[in-house]
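Just below is one structure, and these are the notes that go with it.
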Amino acid sequence: MDLVVINLIDGLFYGLLLFMLSSGLTLIFSMMGVLNFAHASFYMLGAYFAYQISMYLGFWMGLLIAPLIVGIAGAGVERYGLRRVHQYGHVPELIFTFGLALLIEELVKFFWGNNLMAYQEPEILKFALFSVGANAVPAYKVFMIFTSIAIFVGLLYVLTRTRVGMIIQAALSYPRTVEALGHNVPLVFMGVFGVGTALAGVAGVLAGPVLGTFPGMAFVLGSIVFVTIVIGGLGSLWGALAASLLLGWLTTFAASSSFQFADLLNFFGMTRPEDMSESYLRDLWSLTLPQIGPILPYILMVLILVFRPYGLFGKRDV
Amino acid sequence: MLEVNDLHAYYGKSHILQGVNIEIKEGEIVALLGRNGVGRSTTCKAVMGEVPPVGSVKFKGQEIAGKKAFEIANLGIGYVPENRDIFPGLTTRQNLILGLKPGQKDGAGRWSMQDMFNMFENLERRADVEASVLSGGEQQMLTMCRTLIGDPDLVMIDEPTEGLSPQMVQRVAELLQEIARRGIATLLVEQKLAIALDIAHRIYVMGHGKVVFEGTPEELKSRDDVRKEWLEV
Amino acid sequence: AENVKIAFIDPLSGPFATTGTNGLAEFQFAAEELVNKKGGVLGGTNFEVIGLDNKMDGKESLINLQVAIDQGVHYIVQGNSSGIAHALTEAVNKHNRRNPDSQVLFLNYSAVDPALTNEKCNFWHFRFDANADIKMDALTDVIVQNDAINKVYLIGQDYSFGKAVAAAAERDLGAKKNTVEIVGNELHPIGKVKDFTPYARKIVASGADAVITGNWGSDMVGLGKAIIEAGFKGPIYTYYAASNGITRTFGEAGAGTINLVGEGSINPSSSPEVDEYIAAFEAKYPDHDIAQPRIVNVIRMLAMAIDEAGTATDVAKVASALEGMEADNFWGGKIKMREQDHQAIQDVYVMQQTAGVKHTLDNSEFGLETVVKVENASADMPTTCEMERP
Amino acid sequence: MTDTYQKTATVTKAPVFSMAQVAPWVIAVIFLMVLPIAFGSNSAITIMNQMMITIVFALSYNMLLGQGGMLSFGHAVYMGVGGFFCMHLMNIVEANELPIPLPVLPIFGGLFGLGLATIVGSFSTRKAGTVFAMISLGIGELIAACSVIIVAFFGGEEGMPGDRTYFLPFFGTEFLRQIEVYYLIAFWTVLSALLMYLFSRTPVGRMANAVRDNPERAEFLGYSARWVRFFSFCGAGFFAGIAGGLFAINYEILTETNLSTTQSGIILLITFLGGVGFFFGPILGAIAFTLLQSVLSLQSEIWQLYLGALFLATVMFFPGGLAGVLMMHVPAARMGRLGWLVGPYLRTILPALIGIAGLAALMELLFHVRHSATGDTDMTLFWVTFDSHSILPWIVAIVATVGGIWLARQGAPKLRETWHRANTPGAAKTTGGAA
Amino acid sequence: MTVPALQLEGLRKSFGKTEIIRGVDLSIGRSERHAIIGPNGAGKSTLFNLITGRFPQTSGKVRLHGHDLAGMAPFEINRRGLSRSFQITNIFSNMTVFENVRCSLLWSQGYKYSFWNMVSRSRELTEGAMEILEQINLTSRAQLPAGVLSYAEQRALEIGITIAGGADVIMLDEPTAGMSHSETDYIVELIRKVTENKTLIMVEHDMGVVFGLADYISVLVYGEIIATGRPEEVRANPKVQEAYLGAALEAEH
């Protein structure tokens, strides 16, 4: 029982972390209509900048400044890179972000090297807030949970209470016409991209100490973020939230379950062969659910796309 | 209100506008006629800054050539593009809302959303469906309203009656006159000679990227040669 | 005379570059200090270590192998990932069979999959590291002696090495002290897990006294931190949880908790000569560590073998010289290259992350301190290797 | 404009392919024949083999991206699976001495690639766009993950080794030597390339373009967008499988990296680098990329940095890829005016190159100073060895960078202008156009 | 008269709650030119979409030469010899004008999904395509990307693509929209020519065109057909007068 409770909490934590990333991406994705492969890279930048800053000014300044820098960097990328590529169409845009991701990772290695960074959570939050059974729940994680909830509320306001959302949506198909109606589309694009990347930055700052700060951190999280927003439905903030939590809990429970596929095979009336090395199923016999945990999201996504191409909450096709 | 002097425009290498001169005054309806492909739409686009204009475009005495489209729009020029550009994924109402200038409240200008709905009850009926499914004609109405609601002082309307049923055409004609009555200048790009002759105060005829005739409807009626050479077969 | 070229085929770019570059540094340093400065081999021929970037990819490694052979290289060294080691022995074996005139030796300094010196063994492959089974043998010796440990949790990355570790642990513990209960035996996807907390929860919940894992790289850190954060108090027994930023990142939390099995004791060192060597290395490469002591033995034993064989180009002769060679282990004790499977037999140590040791890692105040030493670990371990010799 | 009419008309009258169409292929064949004579070393041949395999793979990828408008993030899977099956076949042949000659192996690879494509395509090609892209990503990740889980088939991370020499000798050759393998691969490369080219000229190939542009309209022309996509998808899978077979032959081992999404990403980059707009684009891409990877990575530790920069530059300035850049010159060439450009090019590109070299030098210097061992301060760059801690090399690098870029900028307007004139019919080449 | 080319029986369509087509019965004979007119939003295009399988109907039947088209996909219907144009231009904008037309010939000339014959080798295809281009006089623009054509040119191409397939039932949705008189007259001629002894169904707001071309006219108002008949009858019909034509006719002529 304790385990279930604690897993719920951990799942929530991981889910909301995903959400911090996917929320930014949903903004960008629904704006550019293109997969921003560099999104996770901005997340990584967030972590590294914060690490660097925290060494001189402490964690909290890092949390404050790093996302700003990342956001500005993002805006710059949009202004001087994407805007130019935008006219060529989606695939070039995608390649651009692809290359950007490559470049950012290399730059990070260039300046910080390949090693793990010893980026730590702030001392004041380095205690177990409470514990379920023998399991401790660090205060830091709780702090993260609340931050991401705050972000969600903020975004919801911007997208629903202002025209920005509509302008983005409209500009997706007829940017010129939207401009002709008097809206400064380029500025909106730049702003949104900046905000989106800044959000990724925040995620990086907060996740860095927990999930580790190393050059591969972007790649590890890279594609799962897309999976999240695709499952949630493009351009839908609620979708992003729902999907993030779904995946959070899915992976957590999968990892902590001890389900054996052998049981399944037995259930289908197969019997474990004596000499494993012979049977082609030998791997299935020894397979457990935690082993395939991380690919469950992909399976889920494929299924959803096949049966409901617009995701859980999406309106238009992804 | 609007003075276009020796305006040129290019698509890549092809020289589309070769020195266009147009002038429009307050509350005046000016029709821009011509065969397909002579560059009437391009003229509008050039004024709007959607295709880079070469030459001088003055609006309220201010040079606007080289300004950005949204700046021009915020100066008070409205543009109704020929192929409608209804924003998919947004409802009819939302499309109209986007017509409002940044920071502008509905009803602040000469037109409120309700006026629009009163004028075209189709739109009111379909107010909350996704606009991309509207019928051709409805889309045409929507584009026009979307621009008007932004309260421009000059509208350039590219083929407003296209795809409208005859009595809708009448309605549009009336609307145009109403627009003029409210002191808004209109540049009307039109195919249907009849209407142009009917409601325009002055008429320009374009051919090969130049203005080849300028005058009142009466003058044009009397000038068979122009009609023969530049308008009919 | 023409240098003896040694091709170092390991990742010099990409996620695993640190281990690669670190290893290259160690090789070049060892060649310089222990061979060239001492007059080289065959009376004056120097060693030259050429780094080739295999990008941690089998295909690239094979291309590198070709490149090396074309440059007249007769000795290749590799260590990162048993997968690539398998690809390389295969390739080397084929190459030597097909081109008797340009044969090469494969000196494996770190790939510990037992198979390489058992069913997959061949005459051209030599392993200088203690393989996974040997290390586990040593580890379990330590564990069974510790009465505080009655429940053990096995967790590792889901690939051959991870599985090998788990299997070995199960086997050895069962054989040595069947009262020790294995409360969990878990594999997790390699390099794919973002948040290790759920695994940590299970470990805590299982009430284990100790954890054994073969994890390395960021997986190791992720797992380790999660376990400690989740409130686990016991020791974590590992293979590769040191340097490359790992020691630094664990920091205080890792001290006393992270235990590591390996060959070559750094703290304390066996002799002042070793201390100098380490000091000199640290001075030359401030942001590298002596993370793979066996590398020194590779260089030294190769030199001896070449001298004994009297040739550096006829590698068959050199191989025969290496077979069964017995030498002083630079890190203390002896080291023997078993002829039946080309597996080096040497002392194995269990070390612990500790503050304030002489030779620290990652420029942090932490380093590894030997807790237990197992002499000539598993010298009598059986092998299934049937080697056909030319 | 009537001349275009003439052109197309003549094409139709020609009973066989016109000279213009056949020539490139003949040249290619001859080229491939003589190449090994120029570069005989095993490593050179190994790299060329790699190159050709990549070419087949990239071309097959472009069947999806360029012609079908289907963006796939999991194409490596089809090559990988094809290859793995070939590997198993190899081992079966070895085990029971089946009388099969090695050269036919790629066909089986193709068939297995095709098989997998048929299964996946049956549900993934229903829609194009992001849906397709993400499904391909999902499937890719799935199969990649299986490669470490289902050891029985994929051999875990040791991969699946084999030995090509146990096949039935083919006219006496047992493919012991690299060179023999080279010609085998070369044959298959040309053949597959030709077939893919022809495919793009068939009704399906043409409709693939139509569907790419406007699936709905295509439906009203009697074609089911879905089937058209499906067929191109299967085609792509088939040729990817062939590439896999060639890989199996060349390396005699397949590992899980062959299936990884990284591979899929790389092939996307390669194809784009070469240019998706033209059939031969991917070929250029494959050649360029393989060279960069194998040569650059020997020269510099931060080669991936350059690679990333290269890709950014390509999309930003040459969205048409290498092929696009080449084809830009065709009009001028038709008018026999390429000569005009030589001078301005020299005056712009040369300095630009110097500038870039300077920039690279700076990076290398920085990297060396940061990461090299204390004490060894001399580094070698562009075949000169010097002390990276002394001031001189820095000055040289900076001067080269700034100066080069400045000069390039000076030359640019002139180039632009000449370019414009060279491409406007009837324009005159003013004095000093070309050196 | 034998089986009608196209027959609608109690056809209904509703989107959500709103019913757009409210029971349409219509029978159009072979090689008859039939115009459908009606106010904006009456449901003309929707009717087209139902017939051509773009939308599924809510209820009712559509028969093409007597075959029930229920549940058929657009391409299947097209193969049965029905081809349509779109009100909002719908072409392959990245392909050349020539390619556009050639693609629309492929299926009808029996190439199907074949990947063994080369399109560029086939004389019929190329010449067929060129003929069409002549007809819609875009020959001079054959090698341009369709996207850069002016609006009217695109409309012409749209028609070209539609007729190319050689279907015997052709449906045109506002073919002359946005065209000046000269083009209009030209297109009308073109349509007349290419639909010789074929069945033509078109939606059009330009009364000149309608009364010039159509043998029969149906008036659709709010999803119902309020009148069908010969042009003069329809024009005389008072209901039609007030529901649709209004005063506009005089303006037109």
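To keep things simple, chains are lettered A, B, C, D and E as they appear, and every chain counts its residues starting from 1.
Here, a residue touches a chain if its C-beta (ideal position, glycine included) is under 8 Å from a C-beta of that chain, and two chains touch if they have at least 3 such contacts.
These numbers come from a predicted model, not from an experiment.
Colleague: Considering only chains that satisfy the touch condition with chain A, which of them also satisfy it with chain E?
Modeller: B, D
Colleague: Moving only to chains each one touches, count the minimum steps from chain B until you reach chain D.
Modeller: When the steps are counted carefully, the minimum from chain B to chain D is 2.
Colleague: Report the chain whose mean Cα position is at the greatest distance from that of chain B.
Modeller: Here the answer is chain C, farthest from chain B.
Colleague: Please compute the C-alpha centroid of chain C, do the same for chain D, then give the distance between them in whole Å.
Modeller: 38
Colleague: Take the average of all CA coordinates in chain A, do the same for chain D, and state the distance between these two points in whole angstrom.
Modeller: Their C-alpha centroids are separated by 31 Å.
Colleague: When the centre of a chain is set as the mean of its C-alpha atoms, what distance in Å lies between chain A and chain B?
Modeller: From the centre of chain A to the centre of chain B is 46 Å.
Colleague: What residues in chain E touch two or more of the other chains?
Modeller: Touching at least two other chains: none.
Colleague: Hunt down the residues of chain D that sit against at least two other chains at once, touch-wise.
Modeller: In chain D, residues 145, 149, 151, 302, 304, 371 touch at least two other chains, as defined above.
Colleague: Among the residues of chain C, pick out those that touch two or more other chains and give their numbers.
Modeller: Residues 21, 158, 189, 192, 287.
Colleague: Can you name every pair of chains that touch?
Modeller: Applying the touch criterion to every chain pair yields A-B, A-C, A-D, B-E, C-D, D-E.
Colleague: Which residues, counting only chain C, touch chain D once they are in their complex?
Modeller: Those in contact with chain D are residues 12-14, 21, 25, 52-53, 55, 57-59, 62-63, 66-67, 69-70, 81-83, 86-87, 90-91, 94, 98, 113, 115, 158-160, 189-190, 192, 283-287.
Colleague: Would you pull the chain A residues touching chain B in the complex into a rising list?
Modeller: 163, 166-167, 169-170, 172-174, 176-185, 315-316
Colleague: Which bits of chain A are touching chain D when the two form their complex?
Modeller: Spelled out, the residues of chain A in touch with chain D are 35, 81, 84-85, 88, 91-92, 94-96, 98-100, 102-107, 110, 113, 223, 226-227, 230, 234, 279-283, 287, 291-292, 294-295, 298-299, 301-302, 305-306, 309, 317-318.
Colleague: So in the complex, the part of chain E that touches chain D is made up of which residues?
Modeller: 52, 73-75, 78-79, 83-84, 86, 90-95, 98-99, 102-104, 106-108, 111-123, 125-127, 130, 139-143, 161, 165
Colleague: Which chain D residues qualify as touching chain E in the complex?
Modeller: 1-2, 4-5, 8-9, 11-13, 198-199, 201-207, 209-210, 212-214, 216-224, 227-228, 231, 235
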